[in-house]
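The same chain A turns up in both complexes below, where it pairs with chain B and then with chain C.
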Partner chain A sequence: MLGYLLKRLIQMTLVLWVVSVIVFLMMSFTGDPVFMVVPIDASDAEIAQARRLLGLDDSLPVQYWKFLTSLLQGDFGRSYVFRQPAMTLILERMPATVELVLVAMALAIAVAIPLGVYAGANPQSRISRVIMAGSLLGISLPGFWIGMVLIYLFAVHWGIFPSSGRGDTVEIFGIRLSILTWDGWTHIVLPAVTLSLATMAIILRITRAGMMEVGRQDFMKFARAKGATRGDVLYKHGLKNALIPVVTIFGLQLGDLIAFATITETIFSWPGMGKLLIDSIYRADRPVIVVYLMLVALIFVVINFLVDVIYMLIDPRIRLK
Partner chain B sequence: MTGFLASEFFHNYRRSASAIIGSALMAAFAFAVLAGPFLVAQDPYDIASLNLMDSYKPPVWLPGGDPQFWLGTDGQGRDVWASILYGARISLFIGLVAMVASCTIGTLLGLIAGFYGGIVDSVIMRIADIQLSFPSILIALFLMSAVGTGVDKVLIALTAVGWVVYARTVRGSTLSEIEKEYVQAAKVAGLPNHKIIRKHVLPNVLTPLIVIATIQVGTFVLIEASLSFLGVGVPITQPSLGLLIKNGFDVLFSGLWWTSVFPGVAIMMLVFGINLFGDFLRDELNPRLK
Partner chain C sequence: MKHTPKAALRTGVLSATVLALTAGLAVAQEKSVTIGLTADPSHLYPLAGEELSSNIMYYHLYDPLVKRSPDLTFGPGLAESWENVDETTWRFKLREGVTFHNGNAFTADDVVFTVEKARESIRPDLVANIASITAVDDLTVEITTPAPYAVLPNDLAELLILDEDYTTETGDEQMDLQPMGTGPYMLEEWIKEERLVLTAFDDYWAGEPTIDQVTFRPITNPATRTAALLTGEVDVIQDLSVRDVERVKSEEGFKVLTRPSLLNVVLAMDTRAESPTIEGENPMTDQRVREAIARAIDVDAINQIVMNGLATPSDQFVPSSHIGYVDGMNFREMYPLDIEKAQELMAEAGYADGFTMTLDATNDRYVNDAQIAQALASMLAKINIDLQLNIMPKSNFWGYIRVPTEQSSFIMSGWDVPAGDAGSMYGALFYTRDKKEGYGQVNRGSYSNPEVDALVDQADATPSIEERDRILQEATRLLLADIPMIPVHYEQDIYAAREGVSLTPRVDKFIWAYDMDVE
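Up next is the complex of A and B:
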């Protein structure tokens, strides 16, 4: 177990290193950041000066070495636009994104698991067919388009929910949260629904497939034979065993939600780190893009690791080499 | 042809509602894309054929609608229906070309990795592993932000995220194929490696790719639409369905919903059709279920 953890830790570091090389190379071959920091009427001498300050006249390996060492020392550079440390900017906006992603995930699970169990237990019923067609529609929809339709119907047309922003927030341990105020809830409903649809459809399909697989097993027949109630058979015996593939997908989906949050946040002007990324891409604000990518890479690597560990805990048959 | 009509595949196809609806939607889009310019009077790219007097007309069933433009017009007097027909061309073109490119590159790398093994295999598969731990949309978004907008660049970004799934699948099947007797026999007979790969291994690893390739066209259409919606996809001179939605989003708050809602319906029908048909193919081609 300890050996496995150590091996995974080395692997994770390696992945992050590869990501840092790729991010660095892509960033150095595109555009010249010097024009982001000098005034439009800067003289050649000023441009050369700024270039020297940014370290852009070093050779690529030297630049990469500086980039890597400063990353490791926790110096992530300053945003060209905000003139603030890029890390601070992202960390300020991270709670908003995490909040949105978690609400969307909770919503997806709350809807998808019961529907998936039903559709898996009654594959031939008319309702199951409707559920499955709906879920296929869910993965065929462009998420941003759903967000737009929701904005049009609920914000522009009926005026039930606001179309942008986070609303009132409450500060807890220095982190601003929307989900603790009524106004915050009205703001989070539309973006969370938009973000959750695709994940909902995928979890639903996996749950159904797992339930159908489990339904053929002897222990399910036995549970029925010993007189367990239908609900107990489905949820205590069936779902518990059908959950293993759901857990793997859950990790992947969390990653997808973080990625798609960039689009959802842009539509709903949700002030999270995804919107900051898109804004920074427009403004060619390189340090912010780099920090976002490295941070998100770290998050993904950690999520994948946790999924593997949980996987091992819920199914001891899986031997990890 | 009579062989096909009598086949089990066709028999199941006729009995599957999702297969028929799915292929009907795909056929409708193929027709719209090929015949598009002949179906509408207006060329949305030809500024001379636009008339500002026609701008912001609602769909024909709403007050103020004009029968000439049954889905309404946008701010430049461009027919929404004509824009959709032309936009679907770009979306579908990107989806198909990127799929073919991903499939070719991924299959080639998968064959090489599976057949030769060793260091080549490790390098290709480690790259695949790293890439798979990140969502495709984020990788594509990052690549586009680095290289800028353009149809060619979208194709490169999609291919860069799309090859992995083929490489992994093909490598897996190649590993099991090269253990089989016919490949061993071909080796003993002294055939060169490239011939064994091309004539013996390749035809036997292709079947699972059909399903992946079908579904991937839909995925690519969606990713391209998302990129274009964010403004890092196709340029405004070549508006795909995603870019049409983005342009419509800018006027949504004035209540002009039709310029963005209908292109979205088009994407939804296209991808839904592809996914329905892909589901049917998966059930048909997966020998485990039979």
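Up next is the complex of A and C:
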């Protein structure tokens, strides 16, 4: 286990380093950030001064070296646009995103697993076909379209939910949460539903496939023969054995949604960090992009590690090496 | 409106009314307004950078010495009055009894500090025309300019005064989060990307604001912004999407407000003998070719088809409110759409068969910019100009087209002069390049006309506004005849509000709650 952890740690460091190099190289093609900051009629002297203030007067390798050395001292650099520490900018927006994603994922599981088990156990039934058709819609309809339709119907037309924003929040240990207030819940419903649909559809389809596969195994018949109820057979024997791919996909989707919930956040003006990434790309704000993508890489590494641990819990035959 | 979501009920209006009633007092109702902006401000510290959302916040939190009215007239702000001591020396008498939000008195030292601070910041352009500044006494400052400069007060309308003690103590980075000015509103709360709440500064020198609380919400997606207005979550929205205009107009209880903006979309033509994207010699050195291009462009069609009628074709390089505008002169009447005439001009110049060149344009900076570029390509095809399009996001654009403009022949960009004066624009865009420091730095077409240079020099050497106006008008006449650049149109600013909100859109787009009222 210790060896495994160490190996993972080395892998992670390598991944983070590669991400930082790629982003630095990429950013040399996306235009000069200094022109995003100075007025368009700035004189050469004014531009030189801005360049100096932003630390852009060094060559790219020197900038990268400075970035690496201050990184090792815990300084992640400053946004060119906001002139604030890049890490602070990301972290202050992160709780909103994580909260939204967790609600969306919980919703996705709560709906997808039972429906998937049902459709897998009764592949021929009419309801199963309706579920599968619905899941196809969930995969193929784009999020921004669903978001706009939900806003139009539930906010503008029926007035049940507000159209945008995060609503009232409660602060706990310095982290602001909206799921602890009623107003917060009314705000989170529409974006969470929008965000969850695609994941819901994928998990549903994988659960169904797994259940169909497992259903053909002998131990399922034996379980039924030894007198387990149908529900027990499906959920305890069947689902548990079908769960490994579901957990894998769940982990990947979780990371993906936390990192790139951008579109849903933009549509619902959800004050999360995905919008920061897009804005930063438009503004060529390299420090924020680098730190953001490194953080995303870290999130993926951690989630995959947790997924591996969960494998062990689900199937004791699996060992981490 | 049938449905009122809880969000609207939450706002201060109701709770304040309830409070007032329970207290049994006949106090005036607390007024509040919620404004949906297109983006969250990047800064609250005026010397950290500028973009529209930040500018809107700055003018709520801080004051300049000279105040710019919604229609670009300039009057006393923190300075009560000013006079020219000699051609290059100005004396500003400051307002007495003004305090910052923290109670510190506003004095001449704060003004001197602000100017010096700006010089070291990322915005030295704010004080480019100030050679020196001294505090004569507590409430008088003396400013000298490098040369006679008639429009110094207009420039000062953009310099927002900082509290010396507080700013020094707080530091640049924290100033962005804890602003402190003399403006009509104070920062109450700023939750990034969610809302920024301002409360009235009761001791404001020009009188207590009518609206007690202003909430700004950044709603980037245009359709969501419209929805938030229609559901009552916000009272006013900035930048109503063109396709939602009819929808909002038809809805009971809402209104749409429009105003031509200052942003003139212009086409710069290269006038060098050889141009980067044109093979052989550059036809656009010939005024007739430039005129032909101007006549081939159907600005009305662009307005109707691309802009949904929500643009104002430009008559000159600056709007009529500006110094240097010539009454009665109209580029559109001088060079109306006339393909035959344009073809004749091309033939006279020896280019009946046309030529090929590339237009550089943005796709995320101006309203429908990429579509305008496409329309231009098909219009110029009629006079045999094969226009290739090179369209890119603005993060690449400004560096790409930057003087010395080694990659461009034909550029679409926008220009606005909120200082209300054509001089700075002519100096930057049309003055011969590399001739004088601070002039011609954005002259992307490499235009050079000694007469224009001389007029700009004269304008920048007179301390009299009338004289400056006369000289710049002459420059305008010259430029409209010579066509170094084709003015296309002014974009329209579109706002929407619920009935009961009184809002007069400002020419400079800076929504200002101090001038607003709500019922």
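Heads up, the rule we're going with is that the second predicted complex is superposed on the first by the 289 of 321 C-alpha atoms of A that agree within 3 Å, B and C clash if a C-alpha of one lies under 4 Å from a C-alpha of the other, contacts with A are read in each partner's own complex, and residues count from 1 in each chain.
Assume contacts are C-beta pairs under 8 Å (C-beta built on N, C-alpha and C of every residue); 3 or more make two chains touch, one makes a residue touch a chain.
This is a predicted model, so every value here is computed, not measured.
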| item | value |
| --- | --- |
| Which superposed partner A:Phe300 touches (first chain B, second chain C, both, neither) | first |
| Chain B versus chain C as contact partner of A:Phe268, first or second or both or neither | second |
| Which of chain B and chain C A:Asp183 touches, first, second, both or neither | second |
| Partner chain in contact with A:Tyr282 - chain B first, chain C second, else both or neither | both |
| Touching partner for A:Arg8 - first (chain B), second (chain C), both, neither | neither |
| Touching partner for A:Met148 - first (chain B), second (chain C), both, neither | both |
| Partner chain(s) touched by A:Val156 [first = chain B, second = chain C, both, neither] | both |
| First (chain B), second (chain C), both or neither touched by A:Phe260 | first |
| First (chain B), second (chain C), both or neither touched by A:Ala42 | second |
| Chain B and chain C contact sites that coincide on chain A, given as residue numbers | 30, 148, 151-152, 156, 163, 266-267, 281-282 |
| Interfacial residue positions of chain A with respect to chain C in the complex | 30-33, 35-46, 49-50, 53-54, 81-84, 89, 92-93, 96, 148, 151-152, 155-156, 158-168, 176, 183, 186-187, 266-269, 271-272, 275-276, 279, 281-284 |
| Of all residues in chain B, those that touch chain A in their complex | 18, 130, 133-135, 137-138, 141-143, 145-148, 218, 222, 225-226, 229-232, 242, 245, 248-249, 252-253, 255, 257, 260-261, 264, 267-268, 271-272, 274-276, 279 |
| Of chain A, residues touching chain B in the complex | 15, 18-19, 23, 26-27, 29-30, 133, 136-137, 139-145, 148-149, 151-152, 156-157, 163, 255-256, 258-260, 262-263, 266-267, 278, 281-282, 289, 293, 296-297, 300-301, 304 |
| Chain A-touching residues of chain C, taken from the complex the two chains share | 2-7, 10, 39, 42-43, 48-50, 121-125, 128, 172-173, 176, 191-195, 217-221, 223-224, 227-228, 230-231, 233, 364, 393-400, 402, 413, 424, 428, 437-438, 441-442 |
